Each structure stands twice: as structure tokens, then as C-alpha cells.
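The following blocks contain the structures, represented as C-alpha cells.
Two complexes follow with subunit A in common, the first pairing it with subunit B and the second with subunit C.
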Partner chain A sequence: MTGTRSPFRAALGAMVRRPAVVVALVWVGLLVLISVFPDFFAPYDPLKQDLSAIFEPPSATHWLGTDNLGRDILSRLIFGSTGMLQGAVLTAVVAVVIGVVLGLVAGYFGGWADSAVSFYVNVLLSVPGFVIIVTVAFISGNNVVVIMASLGVVFSSAIARLVRGSTQAARNLLYVDSARVSGLSTPRIITRHVFPNVTGPLIVQTFLFLAQAFLILASLSFLGLGFDPQSPDWGQLVQQATQEINDHPWLMVPIGAALIFTVLAFNQLGAGLRESLPQNRRESMLVSDRPRVAPKPANLADRALTPDGTSGLAAPRELVDEDLALDVRDLTVSFPQDAGEIAVVDTVSLHAKRGEVLGLVGESGCGKSMTALAVLGLVPAPGAVQAASVSIAGHVVSSMSEKDRARLRGRTIAMIGQEPMVALDPCFTAGSALVEALRANRGMSRSEAKATALELLTKVGIARPMAVFQSYPHQLSGGMAQRVAIALALTGKPEILIADEPTTALDVTIQAEILDLLLDLRDSEGMTIVLVTHDLGVLADVGDRVAVMYAGEIIETGTTADVFARPGHPYTRGLLAAVPDAAAEGDRLAALPGRVPLPRDWPTGCRFAERCAFRMPACTQAPVDATIVDAGHLSRCLAAREVAAISPAHPSTEER
Partner chain B sequence: METETLLKVEDLRVEYPGTGWRSAPFRAVDGVSFEIRRGETVGLVGESGSGKSTIGRAVLGLLEPAGGRIEFGGHDVTHRDRATQRQVSRRLQAIFQDPYSSLNPARTVGRTMVEPLEVQGGAARAGAVEKVASLLADVGLPEDSTDRYPPSFSGGQRQRIAIARSLSISPQLIICDEAVSALDLVTRAQVLNLLGDLQRERGFAYLFIAHDLPIVTYVSQRTVVLYRGRIMEQGPARAVHESPLHPYTQMLLAAVPVPDPAVQRVRRARRRATAVSTGTAAQPPAEGCPFAPRCPKVMSRCWTQRPEAVPVGEQVVECHLFGPSNRPAWVPSPVVRP
Partner chain C sequence: MARLVVRRLLLAVPTLFVVATFSFLLMQLVPGDPALMILGQNATQSQIADLHTQLGLDQPPMEQYVSWLGSAITGDLGTSIITGRSVVSSLSLALPPTMSLAILATVVSLLLGVTFGMLGAVKGGWTDRAIQQVAGVGLAIPNFWVAYILILVFALTFQLFPATGYVPINQDPVGWLKSLVLPVASIAIANTCQILLQTRASVLDVQSRDFIRTLQATGIRRGAVLTKHVLRNAAIPVAVATGISFIGVFSGVVVIEAIFNTPGLGNLLLTGVQGADFPVVQGTIVVFAILVILTNLAVDLATGWLDPRVRLS
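Entry: the complex of A and B
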């Protein structure tokens, strides 16, 4: 963790790990050094002629050869760099100072300040920069400082626009609000809380401009503008090389390479710096120190379906297989880390019968969503999925090619998510999205597809389907968008619907309607629903069976009625007890201590042990196997039956 | 408990500019009045678009009200300059919903925490470092937290930091704007416990803004139920939860699923028998009750006449069912659609 290091030091550390950035850093450092102390580095006087040794190729005395007057090319490059770098830096400084001030003022205050700055930006962007520079060059009598400063003014328009955009976004951040609530003065809010958000894009843009200024400066002196024609600047070198290109092509190589390297190095450095700043970097949640994919002795679902001598257990697996819409065995999802693979979903087995609602519940970071993605075959790279078998509606997908698997998605198995807007392309109306999906999934003609789309919209409870058909996603409310997303999922007549927190972003009244809709679809289409949720109320409302996940494992599974009435795992009990309800007013809530450990910290024994009130020495010694609480109700806890026998964790809310 | 009024909001109106040229402004908060007494927790509850967060932002001084009056600690703070804002911020703090964007990722926790003290200057500034360390301990964070950056903390820990920050200047009122909505179940319970403990120790008041009625009921002494910028019902939290008067409050309560499958089955059946789907509801009337299109007990008067606030026992309800001419008992009339 980089928690206690300063952002600057952390940034430097991150940069040094990227070879391209290191090379760029070395080149630019060298350039700065030689341009500041040219006398120290250059072997010869750049203007010293030696007519006895003209157009010499590289040699021990002249590392890069000599030119038409016998002058040492390396020395001329070194002396030429001084003016180039000064000019480019001047341009960049002028551009950044003007651009940042204007951009911050326009973005933070808005109103007339914004209009004035926008006018300035638009005027400058509408005039070709090079025309301005050439004009300034003639008017100022070829004064390099004036030329480069005007170039800075030209560039400032782009920086002002960039800073304005980032500032507008930052102004609405909650910590800016917090600072305003505290009564912090506006200049302090801007320098402390707004400006740091602008630095990322600003740095990249500044380095791009440095490189551009370098090239423009070279072009100018190539045209005979700017520097004194006698001075050995890089534009002069290019011009000379051009004149001799047929007879002495070598002359172009050193100056060409120097220009290309410099421009590339500036660009590379800008990109590298931005990515290493803390506000632009994402910490991985899975930073691992050691590989940890331990095989599990047994898994819950298998035990649920395999007779092991106890009476009242389910029938042998083969007999019930046909009824299973979803059958996942020993699913493991892992991500590569520095020291090896780290599992975020660990030997999970699940099954759901046709027409059943299976709830997958747990806190964030427990692997519920990753399990759902693995079932769909959509685990993001570089994640790796292993499973004994995964079968969806009778298709064994774990042994299928990616192409065959893609055919199943959208038809046999579909998904809806927490953010319905993400599922809908903002450029297309809800209707055209549905029509496209119907044509692809059911091979319909355009008119058939339109009729079916309107039918589907009616089916998901939309009263005026034609109006919604013609609406763009941004015109729909959250609940309406989720209905459209469900209609979209139905275009392929899926047998299984994976619903990942489908109502979390919605109001309770809309949530109730969406849940009604899902249950109606289950009843009318016989659809199987896997509902990923963290809301126990939602689970109690619609779940037939439940699998509770903790730290990548399923720790309890059973019918919703059994698990809620007699929770057999202390974690499940803890979840139930943490729900505030009217009966508990004034009292403290029974909140479990601590939090879900990160995957790299998962212990060998029970993963819940450190937060558990029922912990025994045996819990931490070896992986804990599943215990049968009732028929089809299992808990990965050594004290499962004792825990289940305690009075209810959640005092039932009285009916009303 | 002291009964002195700390915050008094009277006929508050907040408008957002219309989206088109010369279009009428959108009224996000329309004639809202309520009070918070010292040491009390008042809950503002409603769906998205009910104006609950807008009210919070107006009280914090982040929005300029279009009308009405906000009185804090006996002073009119409806319109404030920076000097007034600084005066007010000595006693008023906020905890926002999103623990990821409410802390500046580029500043250490210590520097973020010191900020409110810096603004107050002078005496507050001295000993700031010790104060920050003791506050972090109070909210249950490790000692070394001051030198660390927000990205190395979990959502629950960040919300603790935001709480500690709001405590640094000993406020009298803390606005919690969906402060626990983004947290997981167990973390949420931990943070709610912390908020309760701190209030018992220090005696400040909360304006607790949330969309979840059971949580609001759990933390609040009084609840204000909002719909489309208007108050539907307010009263003691338990009374509003156990005997809701307004059909909207009843609908909100019925929609919350309880974590007990047997009880929930009965509730679901009962709710489905009465609910009017939002998908089929008409636009709310310009005059009249905004809830009319979704109301299962709507009467013709609801479409044309704005209901007045009527006291019923300890509760105050804005609904024609309880209007003067309707005193004896309400009679459901057929659903009228304009």
C-alpha cells in the first residue's frame, strides 16, 4: 500500500517502473544538462571552421562528423539545443500561466467570465497559429522571445479550454462542497481542491505543447525566421542537411534523430507523469504477496445433493440434473498478481431449478458479481476461470468454445445490471435497440420486430409503449430504463436471467414494481432468475433459495424460509441482526465488528473467524467443511447446528 | 432534552432554472416548513426528486433559496455572504453520501481534517493536530491515519473520516445527506451506531436525509415525508412509521421489503392489491396534490386544490382526506383522470 507516502514520491516510484518513461526521462535530462552547460559538453567551438575536413563521416575526432565548412556537428547540436529549449519552455510557461488562470476563472465562476474566456478561446482557435507567428516575426523584427511568447498565447487557448472543462467537473465534487460549507475562501478552494483535478490532463497537454513548440521553432529557423542565421540552432542544421541531402545524406541523421527523440521523449514523459499521479491511478484491490488457490475438500452444493448416510437428504445428483437450469460446480475465478494467481471466487458450487429464484447475497468484495460474470463467461481479462463443470439449461458451457458460448448469451442466458442506462446506447432510441436485438436474436424482419418490441414493452409493464419505443435512454426515468433493459434481455427468450443488483439504484416504490415484474416473468415464462443482491429484504421478498457468500466462498445455502428462520452461519446471523427496524429504536444495532478481508488476506481456516463471536480454536486450523443443518440447508461452520438453534437473529417485524 | 429551536425552515422555496429558453424555472422545493430542536434528529425522507437533498443544500448555504426563510440558532441565515457562512459553519457541518468523492484524494486525511479548524483560525487552530488525532480515535480509526491518503481507506472508513472531520469544530447541527446509503449492510450498522454514540456524548442535532424509511425511523425522533418538493406528512418518527396517515407514506412503507419471508409474503400480496403503477400514472396537476396521479384514494378535489397542513394527533398531514370538509370520515371516490 502507498498509504503513507506522499503523492509526489509515489508518482515518481510508479514512473520509474515504466521503461519507456525512464528512457524519456534520461533523454530530456541530458538535453537540459547540455543546453545549460554547452561549453562543458561540446568538444569544439560550434562556429570553428576547418576547411581541410569538410563533410567528414563520424570518426573518433568528430563523433557525428563535420559539415560543409568542417564544423563539428555534435558541437553544433549541443550549442543549438540551448536556444531551442529556452524557446520551447518560454512558450509552454506562457501558455500554461495564461491558460490555467483563464480556465480556472471561467470554469469555477461561470456566467459572464465564462462567456468572455470562451470568446478569447474561439478567436484564437479560429486563426491559424503559424500565420500569427510569421506575422509576429516580421513585426517584431525577428525577436525570438516575442515570437515564442506569442506562440504561448496561441497555445493558451487550448489549455484554457481544457482547464475550464476539468474545473467545471471538479466544482461539483462533494469535497469542494465540504470546503464551501466550512467557509474556506474561494482562492483556497480553487488552489487546494479544484486545481489538483486539472493537473493530469494539463501535464499531458503541456508536454505535447513543449514538443510542438520545439518543432515550430525548428520550422521557423528553417524558413530563416527567429534565430540569428549564424547561430547553430536545430532549424539551421535541418536546412543545411536538406541542401546537401543528395551528396551527403548523413548530415540529416544526427539532427533528424535529435528532433524525433526529443519530441517522442516529451510526449512519453507527459503520458507517464499523468498515469503515475495518485488522482489518476487506480489501486488494485488484489495486490497480492503470495499465491493462494487452495483446493477445497468438499463443496456445499455437491453435499446437498449427495447422500452421505443421513436421512432426509436430496436424491442422487443424476436424478435431479434435468430439472436444473443452472448447475455450477467448483467454480474458481482468479486474477494474476505479482506473486501468482489470487482467487476472488473460490471453489463455488451453485444450482438453480427451472423457474426458481436463486438469491446470491453478501457484502461487496465477497465475489457475488464475479460469480455471476463467470457464469456468463464475461470475466474481464486478465481473470482466469476454472470449473469442474458449468451447465446452463443443459448446455455444458465449461467445455464450449468462446464462439458457441457467445451464441448462448442473450438467448439462453441474459443479464440485467444495476445501471440500466449502461445497457442502453445513448445514441439509439429504446425501440431501435429492441428491434436490432430482435432481428439478431430471433431473425425477424423489421416490421415483425417492431410489433414484437411493442409487445415486449407492454409485457414489462409500460403503459404507453409507443412513447417509450421512440424515447432515447436519457429521456427515461431510472425505473423505466430498467424496464426497457428487462425487455431487451427478453428479446432472446432466455431460460435464465442473471439480475445483478437490479433495483439497488431505484426508489423503493419502483423497486417493488420491478421485483413484481421479475416474479411475473418467472411465472409466465418459467424463467430461472439468479438475483445478486445485498438487500436481505429484497431477498426475503422474491428469493426461493439463497446462497450466502463471504470472502469468495459460499458459506450457507438453503431455502429462503430455512435460512432466514434458522440461520446456520454466524455471518448470516450477523447480516440479519444488522438490519435496523422500528423495533430496535434507540438501541445500538448488532453490527459485526471489522470488515470483509481482502482476497490476499484470506486465511487457510474459516475466513469469517476473526469477526466471529462463536470462534473456537479448531476454526482457524483448517478449511471448514459444510455441515448439514436441515435437508438442503448447509452451513460452512463447525457450530452450524448450535448457531441455528439459537432464537431468531432478526425479530420479525409485526405484520401491518 | 432541551426544547430550544436550533433550525427553523419556513415556507422554503428553491428553484432551478428551466432547461429551455424562457421556460419556467423548476420548483424543486415548494413551501417546506419544519424545525429541528437542539440535540434532536429529524429525518427527511422521500423518493428521488422529492427535494430532500435540495433542502439540505439550502440549509448548508450551497444553494440560494428563491423564497422563504432559514433561521439557525436564532439568526436569519437565508442569504449569506462569506462572513456569515464562516459564522454559520462554526456550528453547522455536513456528511455526504459518496465517501469516494467527499474526500480530496490528493490530500492526507490529517490535512483534510484540519481544514474546518483552519478556517475558524485563532484558538481553534492551536492544538489542531492533537485534536485531529483524538477525533480519529473517537471514530475508531487507527492512529497512523492522519498521514495516509483517502484511496487507502475502505468506504466505511472514509465515512468515519468524514464524520470525524465534521466533529472537529464542535458543531450543533450535522446534515447527513444519504450518509449511509452507499454502505454495505454491516458497515452501515457500524456507522449508524457511531453516529448515535457521538450524538449521545456531544448532544448535537442531525438532519438525516435518506430514501429509506425504516432507517430514518430508526435514527430520528421526528420524520418529515416529502414528495415532489412538498411535505406530505410530518410527526414523531414512531407514529409516522406505525400509523402513517398520508397515502404516500403508506405506499412508501408498503414498498419496503422486510427481511422475513413469511411476513413479506403477506405484505407483498396486500401491496399488490392496492398499488397504482408508476408506469400508468398521469402527470401531476399544476395545482392540487402532486401525489394525486399515484394515489389509491384520490378524490376529484385533489386535482384542483392544494391540501392544507392539518394536525392529526401529533402528526401533521397535507391531504384532503383529513381536510376540514372531510372531517367525519373519508369516502373513496372513483379514480378521476383529467
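Entry: the complex of A and C
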């Protein structure tokens, strides 16, 4: 939290770069100016009548024309703005002050204070706002200050709710706890730690309230309530314009435009700021039916191609295609960023034989999940995929239309993800999800599908399939939900299953069960499994072959036995050395200093060089090609054979 | 779910009680003598005394309160000072036009808002930007201003719909619909934009969730993902927004019914306020509060029906 620019400041900066916000700011600025100094800006006295010049159209002398008594419309608009803006600001101030105090009290202290505030909010929200305001206008004898203050009270309920929520969230954050422990007083905790979190949403809400207050004020004065009927406030101007609407419709235009622009401007300021505030905005997972054609990524150097026409590490041509369940050649995935098109997966080649378990390993941010998604054709927009070829069980999907490709998903290739709790649609039961998938994938009737779904649930090791069939995702445990996800993946009898970190989010005890289940399925169904993981230890037991990814490219590939026994890349050695600690440390590798470079910072030479203990001057000069360590064991390291020769490579004796 | 409904209903009782108490206090809150406010400054002493008796103002406040509340609970909200009719019968006459307006406006806003909100979110690109811009402007148009524009164009110029008035549905269904087109349109413009923006935001949010990826990886077609799963999940916040915009109509009717001379609750409140007709104002406020509470209950039921996490908690 220290040293960096506050997120709110950053949001303000991003906000004023939007053209709509700039226009809105200019309009609001102008409005404030003319309403504070109407005498200076208005060309005429708003009440001065000139019966010789009534209903004049816009002209050089009267920019917006004149009304039924020959009064200058522009001047009336300008003078009318004063009361409108004062009223709106008063409303917003009252709403913010009351709302913030109540929200802070309710959110910070909880208990009865919270109940009392929520009752207050409930009562205020139980009567339509305008009904309250009209009634207040009535009992206050049209006292505009009382009316606007009451509107502020009505609006305060929404602010109280907002501040209460943010305060509760902030209160529970660790740093507030530690502030409390370190003896800071409550007011200091609130002003220093809680308030900064609500400032952004609060200002957004205030802008939206200003817009609302303007509309409500105008409605009131339109009804002849609140303001002095003699004053040219904006509701009155609409009211007067409607009197002559049939003969002089022009009168409706200036006042309508002024109202619409003002409300729009306040709304734009609110929306502009809201969209600039930091939030966990995520891309759509829905695949576009028209893939984007991307230019050449800016962060990739030109590669020398190997004699077989690929960039190396691809399946050798001598392997007959039919033996390969998966054959990916030179797959690149890129996203448009501020700096131009940036690749996150760089000419990756992979292959897996039928019935094989291929491990795809690397730290977070290496591009392994994106590679898996590209194989499925599920890269989120605006990502773009390019490949020499991608073949799935003999189907060359890289040249297929999205429609044809969609037909293979579920039936030829399926996926399970790392967060089983969010992988299932929360609105449908596990059973209904399975039935839907079975009907789509196997064309079954409803009753057939139900029977098969129960069979599948039994097959994935669920003891009480009927109970799970009838359960909604939120009623399932993580392990149970992952079993359901596996059952879903099996509905189309796929030949290839991509398992993207399938055990990361699960309890340690459940992890082994899920891995065993996957292996059983490989054996019973003859499935090929691509196991994406950051944990090399997992692969030691289950993997037939391994592909290690670093910074978007495959840096080593071979049989699990070869790679574990004689790792030919310093990064793989590092991963292996970290295995004993990895389970506890998550993605952080104790044995490797530094972190994976971001795609836009990829160097031309070896991307691992910066963290490498074996670095030589040649490493950083040009892209590093694959070197053969053993037959079928390749490494993208200039010193591959030397690194592999260091012995022993066993994790427990590895020293750095 | 049942527990949620019961809790809501239990909360509704003290809420209504507070609202009723406040509306009773209206007469006490008015500066000076309410009778003078009603009768004007030239009223005679005997007129004032008569009105005091009629309004119960000659009794101690606590007794007035207890007797008013007692009658209100038994469904007696007093009689109008101006028309002499029972407030309950005025309210029951005013309810159908307002509910017609509210329901029609909400149905129209929901249909248009969901359609275009979904369109923008799914299509993206300039379609989305155009829809968003139009919705932004739509939200900023004052309903009373647009009401007159609609009258000018569709009633005065083209004479397609009546400019004012209301025809009960049991008299003439076509006339009923025609009499409501312009007021409904005036209210529905802003409400459509509100629901549209909520739909768009919800659809985008749902599209970014992991289960959308699972569905596609499982072989569910894009069309089915959108119509079955995205729409269903997005419907939950949209239901809440629809409730808010339905309640918003009750604010809008005060102005719109005055413009179109619709004999609804809004008009009743406004004429009550203008004529200092305390019993009518009090009764209207209580009815509005009941309508809001019922709307919120309906929204709770709808959310529970749509969202198993709410239903089964």
C-alpha cells in the first residue's frame, strides 16, 4: 500500500482520458460558472418582458429566442440554473454526510448499530422517493431547503448501504486488524484505512445522485412545488413551454437540451469514474465465432527454422500421425495490448501418443493454461491463435471453422479446470448439467441420459450418485464438484482429456484421489491425458512424458524418466530441486530466485538467462534452439548436455 | 426460502408501522393549524371547530394516534375532506390505473431492456457502444418533458392516441390500451435504459465466469450456452433491477398521471397535497408503502426461484 499511487488517483487519471468524461466535465464546469455568476453570463434580465418581441426564434440578439412575454430564454436558463444546482448540491451533501456516518457506524460496529441502520434504510426505501418529497413539500409549506434536505435523507439510505458494505469488507482485511493491534484509535483506523476504500464508489454514487436530484427538482418545480413560481427554474421553464407546445414547440428544445445534457453529464462523470476504478474485470469466456486475425507479435524475435520446417521440439516426422492423439506444431497465442500485439505462447509444439499422460509443467504465467485453451479452441477474446497445425485424434483443427471445431469439443477432446467450485453453472443441478451434456453429445433421450449420468457419477467414484445428481454445485464439496466436472468431461467419451491443474484447489488428501481417478480412466477408457501442473512432483508418479514451459515456450521435453533422471535445462533442474517444498509453497519456487518475465519483457535470447546459474555470454545474444540430449529428449539450452551430465540430479541431493 | 419470505413479512410489519406513524404525524408536523390550512385564512370559528371534530384534532394526540391506527388496521382510512368519500374507496378506484401503468411500463421495459442489453453484451463492438450511448441519453431524459413531446407528436400532430384521460379495461380494452400508450412510453423510456444497462452488465459478468468455459468444453452449443445458462444467471440481478424500476414507476406516476390526467394514485396524492386533504395523503402513502413492500417480496420470490443458492439457504 505504500509508495504506489493510490488506486483512486489512478482511476481519476484514467477517467479524464475518456472523451465523454471531458465533454461532461466541460458542461458541468460551465454550469457551475453560470449558476454562480448568472449576472455576468446572462445577456438580459430573466424577468424583463418585451411584448414587442414574443416567441422570437433564435437570433443574434436572442441566442435561444424569447418566450410568450418576450423574455430572453437563454437568460432564464442561466438564472434558473442557480437554484437547481444549489438544490442538487444540498441534496448530495446531506445524503453523503448522513449516509457516510450511518454506513461507517453500521459497518464498523456491527451488532445492534447495524440492525438499526438497516431498519432505517428499509423504512426509507419502503416509500417511493418522489412520494416522500411531494409530501414534504406539502407539510413544509414549499420550503425548498427542507425539501432538498429530505431528498438527501432519502438518498442517504443508498450511501449508508454502500459505505456499510465497504467498511465491513475493509474491517475484515488484515491490515485493519493489524492497525487495531498496533493501538491506533478507532477514528484513525476509519480515516486512514477504511475511508480510502470507499472514496471511489462514494464519488460515483454522488455524481449519480446529482443527476437524480436535478431530475427530481425539475419534476417538483414542474408541478409548481418547491420553488417560487416566479423564478425561472428549469421545471417552471418546461411547464411554461408546454403551455404553448402546439404553436411554439421550439420552446421545449432549449430547456429539454439543458436538462438532458446536465443529467447526462453527471451520469457520465459517475459512470466514467466507476469504469476507471480498479476492479476484477475479466474477459468473456465465450468463444467468438469469428476469430481475430492478429499481426505478428511484437515481442517475438524471428526464429531460425529447423530442417523439418518447424521451430524445433515438434513431434518427429517419423511418428505416424495416427499414433498421435495430440500433435501441436508451432502454436502461438497473442493478445493486443497497449504496446501492440503481445504473444503469451510462443511457437509451442507438443505431442502425445494415445493412452499417454503428457505433463505440461511450469510456474504460473508461463503460458501453460493458455496453451491448453488454444488446443481446445477456447482462448478468450481478444486472443488470437496461430499454428502450423493442431491435430486432435487425427482431426486437423487448426484449419477448421469455429463451428466444426465446437463439434469436437466434448466428444473428441474435453477439459477439467482448476476451480471445480466455479466450473459448474450454479443455477442447475449436477444431474441436469450431465443430462444436458449427454443429450448434446450422445443424442440421448431424457431418461436414457439420466441413467447414464448416474452411471458416470458412479464411475468417477461417487458413493451416493442419486444425492449428487440432485445437488446444486454450492451444495458440493470441492472434491465432489471436481468428480462431477470429470463426469461431465466424460459425457462425450473424449479421446483426449485436458486437466488444467485439476488438484490445485483441493485438499491434499483429495488430490491423490482425483489423480488416481484420472489414471484409472486413462486405463479403462484408453484416454490421452494432458496434465497441466506447476508441480513436477505430481508427474513423477503419473506422467509418461513431460513438456516443461517457461515464458511462453517449451524449454525441455522428453520421457518423464529421462527428464527426471538427467534434466537438460537449468530451469527443469530448479523445478526438480524445489519439489519437496513446492506443495507447501504453492507457485513460489524456493530454489529459483527471481520471477518469470512478463511476455512484453521477453528478451531476444534465452528467457531464463536472467535467473540461470549456468549463464554464458552466448545465451543472451540470439534465440536458443533445441538441443538433443538423448533420443526424444530435447532441451532449449546451449549447455543442455553439460547440464544433463551433472549428476546426481535427484532432488534430495541437489545443491545450489 | 420459506424462512426468507417469513422473515421479510415479519420485517414488513414494523416498517409499515413506522410508515403509518409518520403519515399520521403529517398533521402534527404541519406548522400551525391544519384546519386553517384546509379551510383558508377566512374560515369561521365554527367551521374550524367542526373540522377539528371531523379530523379528531380536538382529542389529545395520543388518543388520535391510537384511534387512527386502530381504524387503519381494520381498513378504515377516514374520509376525504374535499370529496367526502371514504379514502379506501378512492384508493381502490385509483389503484387499477396506476397498476396498469406500472405493469405495462415494466413489461415493456423488461422486454426491450433485456433484448437490447443482451444484444449489446453478446455482439460487442460498435453495436454495443451505440446501445450504451443511446441508453445513457435515455436515462437522462426527464419523463415529464418527454411526455409532452410524445403528446405533441402522437396526440396533437398525428392523433394516434388520446392526449389525456383513462379508460377502464372492463369498459373498453382497446381504449384502455390506447389511453395508456403515451403515459407508459413516458415512464418506460428511462426504465428500459436502466434494465438494459443492468442486463448488459450482468451478461458480461456471467460470460466471464469459469462455468461458461466448462460448458463450451463439454460440447454445449454457443446458442444453448447463451439462451439457457447466460440468460438464466444474468436474470438474477436483472430481476432485482426490474423490481427497482417497478418501484420507480410509483415515483413517476405523481408527475405522469398529472400530465395525462390519469385518475391513479399519483394524481390522488397530488390533488390531496394541493387541497391539504390529510386523510387522502395519509392513505395514499400507506398504500404506496404496501405496494413497495409487496414488490420487494415478489422480487425476493423471483430471485429465490431463479437462484438455488438463495432458495436453499
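In the analysis below, the second predicted complex is superposed on the first by the 559 of 656 C-alpha atoms of A that agree within 3 Å, B and C clash if a C-alpha of one lies under 4 Å from a C-alpha of the other, contacts with A are read in each partner's own complex, and residues count from 1 in each chain.
FYI, contacts are C-beta pairs under 8 Å (C-beta built on N, C-alpha and C of every residue); 3 or more make two chains touch, one makes a residue touch a chain.
The model shown is predicted, which means the values in this text are computed figures rather than measured ones.
**Q** So, does A:117 touch the first partner subunit B, the second partner subunit C, both, or neither?
**A** neither
**Q** One more residue to check, A:222. First (subunit B), second (subunit C), both or neither?
**A** second
**Q** A:246 in the overlay: touching subunit B, subunit C, both, or neither? Say first, second, both or neither.
**A** The second partner, subunit C, only.
**Q** For A:461, using the defined touch cut-off, is the partner it touches subunit B, subunit C, both, or neither? Pick first, second, both or neither.
**A** It touches subunit B, and subunit C stays clear.
**Q** Looking at the overlay, what does A:472 touch: subunit B (first), subunit C (second), both, or neither?
**A** second
**Q** Quick check on the superposed pair: does A:638 touch subunit B, subunit C, both, or neither? Answer first, second, both or neither.
**A** neither
**Q** For A:135 in the superposed arrangement: first (subunit B), second (subunit C), both or neither?
**A** second
**Q** Under the contact rule defined above, give the subunit A residues that sit at the interface with subunit B and also at the interface with subunit C.
**A** In subunit A, residues 283 are touched by subunit B and also by subunit C.
**Q** Under the definition above, what is the set of subunit A residues touching subunit C in their complex?
**A** Residue positions touching the partner: 119, 122-123, 125-131, 134-135, 137-139, 141, 211, 215, 218-219, 222-223, 225, 235, 238, 241-242, 245-246, 249, 252, 255-256, 259-264, 267-268, 271, 281-287, 289, 373, 376, 378, 381, 406-407, 409-411, 414-415, 417, 419, 422-429, 436-437, 440-441, 472, 474-475, 485, 488-489, 491-492.
**Q** Give the list of subunit C residues in touch with subunit A in this complex.
**A** Listed in rising order, the residues of subunit C that touch subunit A are 11, 14-16, 18-19, 23, 26, 29-31, 122, 124, 136-137, 139-145, 148-149, 151-152, 156, 204, 207-222, 224-226, 228-230, 232-233, 247-248, 250-252, 254-255, 258, 269-270, 273, 276, 281, 284-285, 288-289, 292-293, 296, 306-309, 312.
**Q** Help me check something: in the complex, which residues belonging to subunit B touch subunit A?
**A** 47-48, 57, 60-62, 82, 85-86, 88-89, 92-94, 96-98, 101-107, 112, 115-116, 118-119, 144, 147-149, 151-152, 154, 156, 162, 165, 184-190, 192-193, 196-197, 211-215, 217-219, 237-238, 241-242, 251-264, 266-268, 271-272, 275, 277-280
**Q** Along subunit A, where are the residues that touch subunit B in the complex?
**A** 1-4, 7, 173-175, 177-185, 192-193, 196, 278-279, 283, 363-364, 461-463, 478-480, 483, 507-513, 515-516, 534-541, 543, 560-561, 564-565, 574-576, 578-582, 584-585, 588-593, 595, 650, 652-653, 655-656
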